[in-house]
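Look at the two complexes coming up: chain A is in both, with chain B in one and chain C in the other.
Right, the complex of A and B next:
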């Protein structure tokens, strides 16, 4: 997939996690072609968007990392993941990440991407799939746990 | 949420399912919920952007999903939910929501839909959006289908 469509999401993820939670991303992998089926770590947020092309961003956190993010964002001592408010705050952070990257892409390439509301889900042994889309996966690591980004687009940049 | 905006989504479910030969569909319970724990195995969802903004999710049991996938693939047997049949279910969500979008366009409400995604797993806790979710259950011969409509209007 076109790296120009991928890089903004990776950069904005690293930046927003640092700015909002103070957690540093210590390692980040190169983008790898994804299979379209993702075995989730545990706390997963999906934000889809549509404009002249369509796509979606999936951010998947290990539960320990999600708990730590919520702790730092909300000042909650012992966050419970299966709670509307707690998951909502993960969703909101991901909304900001996707919104930030999309604004950049819209300004640069005039894609007119608009976000659907973020959706967030938690559970054990979940599998998430998107069909008919090209996707790339990026693995990230922090001191509190790992996360995974999956960026998928239907169609590419206008040449 | 008003009925004028919700109805196209419900009409689309019935009309698309009947096109795949799933007739005799009855609308069952309607609920309004703030959060949801999904006990069903398969959830397909599609985002909506434009004049309306939201997510529409369709929840099935594994058995219903298999039967629906089989109905979509010309009656080909689907012994387990593999990649092919999962993609058929995602496509079903895409077609139903797309149909609803064109029904909405007739009412001068312009929306665009995003690519479908799917969640497969048990005992899943899902938050679709910050607004309330309307859940409509459809009883069909292949099992019940829950349609979660969540729109920010």
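Right, the complex of A and C next:
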């Protein structure tokens, strides 16, 4: 996949997690071609977007990291992961990350990407599958747990 | 005390923005979760200021701003949204918003924007 479509999501993820929660991403892998199947860590948010091309951003957190994110965001001492407001935090963070990256792509390449409402699912070792879509996976690490990004697009940048 | 209406479909944004506003001496007079509800609550409460998201169900924020401004041109509205590209910013400003802010936010960003408007 064209790295110009991928890099903004990686950079926005690192920056927004730091800005909103104070949590530093200590390691981030190179983008790896996705197989179409993702074995989830446990707290997974997906947001789709469409303009001149279509795509989606999936962010999957280990539950310990999701708990720390919510704790730092909301000031909750013992957040319950299945609570609607708590899961809403993860969805909104994905919304803000995708919005930030899409803003850059729209201004740079005129893609006109617009966000659909995000969704969140929880469950360890869930298998998430999507076919007929070009995707890459990026693994990230923080002091509180790991996360993965899966960035997918149908179509490429205009030549 | 200045009264503020929050229109956003995210409970997290309501929660964080309310905390930010209240600790800086503002009153949140109502919360709406979509544009249509935002228009209705504006008419009921006539707040000094509105924080408005764009992407929401039922009625989006741009449409809600146009509806409010058509009837109440003196209304003060700050757009607070995840998307901030040139096209969407132009649409928001043409609809009549006073200030356009991109999420995420902190106290400084919010309070500076309010100071420009009221």
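Operating definition for what follows: the second predicted complex is superposed on the first by the 159 of 159 C-alpha atoms of A that agree within 3 Å, B and C clash if a C-alpha of one lies under 4 Å from a C-alpha of the other, contacts with A are read in each partner's own complex, and residues count from 1 in each chain.
Criterion: a contact is a pair of C-beta atoms (placed from the backbone, for glycine too) under 8 Å apart; a residue touches a chain by one contact, two chains touch by 3 or more.
The structure displayed is predicted, hence computed values, not measured ones.
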- prompt: Is A:88 in contact with chain B, with chain C, with both, or with neither (first, second, both, neither)?
  reply: both
Message: Looking at A:146, would you say it contacts chain B, chain C, both, or neither? Reply first, second, both or neither.
response: neither
- line: Per residue count on chain A, the busier partner among chain B and chain C is B
Field: chain B versus chain C as contact partner of A:64, first or second or both or neither
entry: neither
Query: So, A:114: does it touch chain B (first), chain C (second), both, or neither?
result: both
Message: For A:130 in the superposed arrangement: first (chain B), second (chain C), both or neither?
response: first
- request: Name the contact category of A:73: first (chain B only), second (chain C only), both, or neither.
  value: second
Task: May I ask you to decide whether A:154 touches chain B, chain C, both, or neither, giving the answer as first, second, both or neither?
output: first
- request: Considering only the touch criterion stated at the top, classify A:11 as touching first (chain B), second (chain C), both, or neither.
  value: neither
Query: Taking the two structures together, which residues of chain A meet both chain B and chain C?
result: 84, 88, 91, 114-115, 117
- request: Write out the stretch or stretches of chain A touching chain C in their complex.
  value: 16, 19-20, 73-74, 84-85, 88-89, 91-92, 95-96, 98-100, 102-103, 106-107, 112, 114-115, 117
Task: State the interface residues of chain B toward chain A in the complex, per the touch definition above.
output: 34-35, 37, 45-50, 53-55, 83, 86-87, 90-91, 112-131, 150, 152
- line: chain A contacts chain B in the complex at 37, 40, 46-51, 54-56, 58, 81-82, 84, 87-88, 91, 114-133, 152, 154
Of chain C, residues touching chain A in the complex: 9-13, 15-16, 55, 57, 81-87, 102-104
